[in-house]
Amino acid sequence: MTKKFASSLNLKSGHVDLSHGGGGRAMAQLIDELFIKHFDNDLLRQHNDQALFDVPAGRLVISTDGHVISPLFFPGGDIGSLAVHGTVNDVAMSGAKPLYLAAGFILEEGLPLADLERIVISMAAAAKAAGAPIVTGDTKVVERGKGDGVFITTTGVGIVPEGVNISGDRAKPGQAILVSGSIGDHGVAIMAGRENLQFETSIVSDSAALHGLVAEMVAAAPAAIRCLRDPTRGGLATALNELAKQSGVGMLIDEACVPMKSEVKAACEILGLDPLYVANEGKLVCICDAAAADTLLAAMQQHPLGREAAIIGEVIADSHGFVQMRTAFGGSRIVDWPVGEQLPRIC
Amino acid sequence: MTKKFASSLNLKSGHVDLSHGGGGRAMAQLIDELFIKHFDNDLLRQHNDQALFDVPAGRLVISTDGHVISPLFFPGGDIGSLAVHGTVNDVAMSGAKPLYLAAGFILEEGLPLADLERIVISMAAAAKAAGAPIVTGDTKVVERGKGDGVFITTTGVGIVPEGVNISGDRAKPGQAILVSGSIGDHGVAIMAGRENLQFETSIVSDSAALHGLVAEMVAAAPAAIRCLRDPTRGGLATALNELAKQSGVGMLIDEACVPMKSEVKAACEILGLDPLYVANEGKLVCICDAAAADTLLAAMQQHPLGREAAIIGEVIADSHGFVQMRTAFGGSRIVDWPVGEQLPRIC
Amino acid sequence: MCLALPAQILQIHPDDTGMATVSVDGVKVEVSLALVDDVQVGDYVLVHVGYALNKIDEDEAIKTLALFAEAGLTAAP
Amino acid sequence: MCLALPAQILQIHPDDTGMATVSVDGVKVEVSLALVDDVQVGDYVLVHVGYALNKIDEDEAIKTLALFAEAGLTAAP
Amino acid sequence: MKYIDEFRQHDLAKQLAQAIAQTADPDRHYRLMEFCGGHTHAIFRYGVQDLMPANVEFIHGPGCPVCVLPTGRIDNAIQLIEQHDVILCTYADLVRVPGGAVSRTAATLPPSMAVAGRNSLLKAKAGGADIRMVYSTQDVLKIARDNPDRQVVFFAIGFETTTPPTAVAIKQAQAEGLTNLSVFCNHVLTPAAMQAILDAPVPVAIDAFLGPSHVSSVIGSRPYEVFAEQYGKPIVIAGFEPLDVMQSALMLIRQLNDGRHEVENEYSRAVTRNGNQKAQALVSEVLELRPEFEWRGLGLIPNSALKLKTAYAEFDAEQRFEMPAIQASDVKGCECPAILRGAKKPQDCKLLGTVCTPENPMGSCMVSSEGACAAYWSYGRLRNDASKQSRRTD
Amino acid sequence: MKYIDEFRQHDLAKQLAQAIAQTADPDRHYRLMEFCGGHTHAIFRYGVQDLMPANVEFIHGPGCPVCVLPTGRIDNAIQLIEQHDVILCTYADLVRVPGGAVSRTAATLPPSMAVAGRNSLLKAKAGGADIRMVYSTQDVLKIARDNPDRQVVFFAIGFETTTPPTAVAIKQAQAEGLTNLSVFCNHVLTPAAMQAILDAPVPVAIDAFLGPSHVSSVIGSRPYEVFAEQYGKPIVIAGFEPLDVMQSALMLIRQLNDGRHEVENEYSRAVTRNGNQKAQALVSEVLELRPEFEWRGLGLIPNSALKLKTAYAEFDAEQRFEMPAIQASDVKGCECPAILRGAKKPQDCKLLGTVCTPENPMGSCMVSSEGACAAYWSYGRLRNDASKQSRRTD
């Protein structure tokens, strides 16, 4: 067999340059020697501009997310694993089993090929772990100063099992609110990685694929799960407000019940942030029938990603859609929608 | 009914700022007042992080493409319509009927909201025309200098009809090669729109959704169509080389048969480019059984997007996978893979 | 206003930048000591916008906590 | 080397920048006339890197084409 | 978190609540102004009001430097960027605050920066302004060092707590010879504001003060003694943790019950009578009093703000650049002046939640999460009566 | 396209082909060097060779300014950016050309720019260099005007055709007082190269020349007369359209058959004997001969290149910046020198298509699509024998 390219990609000290996006041999080489090599599946190896697979009759779910994180590598993950988890989780939040992923890369001229390789390897591992191969993709290269290293938009499809009916508009007063574990880890790990904020923690991102946890939950109480949401951007507070708004209900949560690491708490105190608004990438919020809450909690706690799961409150009737919280101190307050992005405060 | 936001989006003179990506009210407002308003469908209005729909048993196809074009608006289209056409076409190139689209936006801080609105409206119209609603999406905002106005990654799913079996690896010697119309229009229209190249043409992009044309072709000769590809980045030359490589065959085309506008020819002469390598966004290459070529050609020419369709050559046996061309001048040459992006030449 | 937090000094940088590493429950921050005198490793300082503002007085903290308890005692159960 | 193309002068800009708009089959390009004298609207010029290099001599072009035809005539059919 | 968690204990809160309920005279209404936004924040974040008897009421004071910054100063900063292409460094707290409704003729502005209505630093940034959010004045020095070809301006805001770090940076810039750095000084003084509230022509509806917490760490408790004495108002220097707030309230109730009016120091773990004299000396070396300065919601207050001394004039952005005084145009219907004096409550304002929200604040009390209106709206509007709740707009 | 399409007509091509076949002496082998890359390009793009009899062979000459640029000059340009942070303007043709295999110690380079192996402007750009592709020297002037705080260097390459626009820009920069613009001059002269080929120590395997097309538009046909005379080689100034190439070949065959060795002008619609004297005058005003210059594939050639005159020294990048001579390190096994003299063909090189491809060119004949090896590889390798085809690597 003849070798495919005169010299192989310089993964040690090369950079992405404009020719990698030009549709020619350089691009074909990038696709072959990085993407196809690591994502490694038959559909991708077909080199078609789309992937074709059989589906049974049923309910299909599709979700897409762009990933634009800085820094690209952070404690507990990188943009590659995150891009898989972010979309697998959105698919899983319908109760679906994720089947396949598509990935669109927007590379900035100058990205070290070594970084790209690290990201692709991490992405491949995450997709493999999630059982959802990356079967089609796309690569674009933008000029230096018109991107930020790499952006990855992933799209996932999945199949919702029979008897499962989960949607953000299905919360009803009396139902229980559960969260799968400690909140704020991802956001704090990312902020600690930013150059301009000089603090250091041992917190790692919780970035993880939740489809396995969801499968256990669905197995334990398929009909009782009403809403699932991963509290990513805007954190727990935003996820609860979204669900309250979609369902036209209120929520009442108990601050003391919300799992949170002490270092996350401390980092938020330092920056003047409220951990309820800090992003998570491996947690879910579940709203379920009250009668099934304990069963579901037990099922969650059996799963490695739900070990610290907790019932944190209940759905209440409220035409205003307020999310209320009993504070650990003994008072109460509203947990409102965030105003834009959370920024570090000095006062 | 109470109004949803204290004041509506400033679509006249406002800009995208970081709060539009923060997950809070500003983002919710952007989604409601722009995306949901114009894309306008029930699945999107559910405000879930994924879209759920019924599918019959069969073969599903998925494709994704990132769109990063500069300028954002060009003669014949804009990044919005292009993002729909680009993915609808990749789905259609399997012979499938496109069903649904997902759209991931990466907005650069500072993008005029008026531009974004124009893009979204154009995208909505393109999706409507393609019969493939945008049912789920995602919005990220990156800091100024870390993006380029807007990037749109679209993903489409479609269903392949029974009896249709199209893939880039199915070309066999003796089959005919067809192209649906004049080549190079898109690339020339884009280059003419770039600030740093001072030339002006009346050429407009051919950006268009090809699913309708494909449906006519599939109806005319379902089993005879072996390969379909839209010759986008890298143009006709690249598409043919890709197919030759995938199928392990050679190709022989006739330069005189390749439809091309005289202004496209002239622009390429000026810039020292070969029009065979210039991008198209509303054309397809088809490889079909020789016996069905005329039937298929007639069907294509019946469709508005195939009026100038032509048979341009045939598949030949060649272990090297060369694409050869008989030149209009009377000689012959190889039409090779491109080396990186095509750049204007002075010599 | 004036978000400030008690943090423990872990290390005073040996160079003459006047910077120190402090910790709040394991979270480490770099702060300037330009506004304080006589602080040493182990001390708690009040940190505001990257500067140590003051040493925390442990005895006074204990006294204040005692006040709370005392108020509790005087309150009828 | 030296990609250059015959283009017709459509307009000589009235300002004193020495620029002109030329056309190749409807494609318009801005070029500098700094290297040529005595050109006027309607003339064909050879354009290279945004400069007009020379006027195309129509008579000579016709003569050259005639040469080709003549070669054809001399060739046995 | 040592020195934090101990001051947030639920059990102690219950005990303190009982003690307050027993101490407060049921026949008397106690109106306690918590001077600082830090107190306001704690009251709402922890739900302290729920633990207080109905007749002990917190009045939210002007103690948030973002809230009291006049809109004209935001407009000044935006003009500075537009006209001189400077790098503007700011604490993130400021970036969402809208400037005044200055009418701008499109012709005078680069099109990318033209914004209809009120501009903010965040919008100006989106429009192309080079605005850097900093966490510390040390970051500002670094930005100036890294950009020797650009003018770097630090938009300095804050009370006495935040002023010393600005003074340190100015001195360090001088020592390093950083000629491209200047400071747009908006540092203000809390005692002057307290005096303005006490001197208001309409009689003040405040019985006592929870005195500044971290401001006092720097200036000490002594500056407040004159108010306790002259105006007969009890003052307790109060920490920002919720138990500190409750304990301070209890101490104020006791003073009021006893008819005393002293300065007491509940926050003794961080505040002494004389404060941090090293920090004070640094500030007086670099900065000096302005004859008067505008406080949003309170108007012009004499001797209430600082500017750079002549010896440091080269670092003064107001001197380095042309910075005209821009008249703040306050929104009609905004009740902030009355709210800050305890005469009205946020829920008395007709604009609350309709045109005035945290996303689009109209008055000083809404601009930062520590303002009375913002805290009420974001954390507390549950406690409102039903008629007000119908104004909710999301 | 007037003056283009007429010169690409299939019918005329067939007629000319017949005339050539009839004119060429079947017992004789005609080796015609097309001097210019433009000819090479036309021959391959239109498949002209297919229309020629087997005994009329085109030898691809050195006439592509990108091909003949020594690798050290690319390295110079990259060093210039690294060391002086200039904006480097270049025609896009140059950006993919690799420099020499200079060994770089990582320590002397910013990490972002360290590249293992051979660097190109495209790779340097990816590594952070500010490289702007321009279409005209007018664009260079604009970039210099728009970036008054940056040094802007124009990487000028090209033969006599491309030199006058550089001279115009230098004069315009002087007139405008653009002190931040300079030119890294690499303009070379075609007659000198022709002479070098004719003077090669190994006897030249070329019977006649298709003379430069657009170069001659500027310098006229007269400069070639001396070669026709002194070396007894027929020369026909030949246009770049395929019929021009064929007609010129016919004219050369006729000269050879007749035993003549003259300069004839097939391209009379754009070339006169004296050329464009306005352009020539401009060039001699601004530029002057270098005593010698290296041509990639041909080595040092005396009086073969231009540099800025002393009066314009301030615009000379080589004088404004420290630009050491960087020794080109030619790749072992590359047959370019022999190919350029007609002694070997691309398919005789063992590196062709294995280590040397257009993506990763090793020698001058592969760096631009107009080089003999690149044109052969990209357009013509179909005609190769089977043993060579097996080297195809994609």
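A few remarks follow.
Going in written order, the chains are labelled A, B, C, D, E and F, and every chain counts its residues from 1.
Operating definition for what follows: contacts are C-beta pairs under 8 Å (C-beta built on N, C-alpha and C of every residue); 3 or more make two chains touch, one makes a residue touch a chain.
Per UniProt, the chains are A, B = Hydrogenase expression/formation protein HypE; C, D = HypC/HybG/HupF family hydrogenase formation chaperone; E, F = Hydrogenase maturation factor.
If you're wondering where the values come from, they're calculated on a predicted model, not measured in any experiment.
Counting hops only between chains that touch, subunit A reaches subunit E (Hydrogenase maturation factor) in a minimum of 1. Among the pairs B-F and A-F, the greater number of C-beta contacts is found at B-F.
One finds 70 Å separating the Cα centroids of subunit E (Hydrogenase maturation factor) and subunit F (Hydrogenase maturation factor).
Mean C-alpha position of subunit C lies 72 Å from that of subunit F (Hydrogenase maturation factor). Centre-to-centre, using mean CA coordinates, subunit C is 22 Å away from subunit E (Hydrogenase maturation factor). We define each chain's centre as the mean of its Cα atoms; on that basis subunit B and subunit D are separated by 37 Å. Listed for subunit F (Hydrogenase maturation factor) are residues 1, 4, 37-38, 64-66, 91, 96, 122, 135-136, 139, 158, 162, 359, 370, 392, 394, each touching two or more other chains.
Within subunit D, contacts with two or more other chains are made by residues 1-3, 5, 24-25, 48-50. In subunit A, 18-19, 25-26, 28, 198, 245, 262, 265-266, 269, 337, 339-340, 345-347 are the positions where the chain touches two or more neighbouring chains simultaneously.
By the contact rule set out at the top, the touching chain pairs are A-B, A-C, A-E, A-F, B-D, B-E, B-F, C-E, D-F. On the side of subunit B, the complex with subunit E (Hydrogenase maturation factor) involves touching residues 2-7, 10, 12-19, 25-26, 28, 109-110, 144. Interface residues of subunit E (Hydrogenase maturation factor) facing subunit C in the complex, by the touch rule stated above, are 1-4, 6-7, 12, 15-16, 18-19, 21-22, 36-38, 63-66, 91, 135-139, 158-159, 161-162, 164-165, 168, 212-215, 217-218, 239-240, 243-244, 247, 250, 266-270, 276, 278-279, 282, 370.
Taken together, the subunit C residues at the contact with subunit E (Hydrogenase maturation factor) in this complex read 1-6, 8, 24-25, 32, 34-37, 44, 46, 48-51, 53-54, 56-58, 60-61, 63-65, 67-69, 71-77. Only residues 18-26, 28, 46-68, 70, 90-91, 93-94, 96, 100, 102-106, 135-140, 142-143, 145-148, 151, 153, 155, 157, 160, 167-169, 229-230, 232-235, 238, 242, 245-246, 337-342 of subunit A touch subunit B when the two sit together in their complex. Per the touch definition, subunit F (Hydrogenase maturation factor) reaches subunit A in the complex via residues 96, 112, 114-117, 122-123, 125-128, 354-357, 359-360, 390-394.
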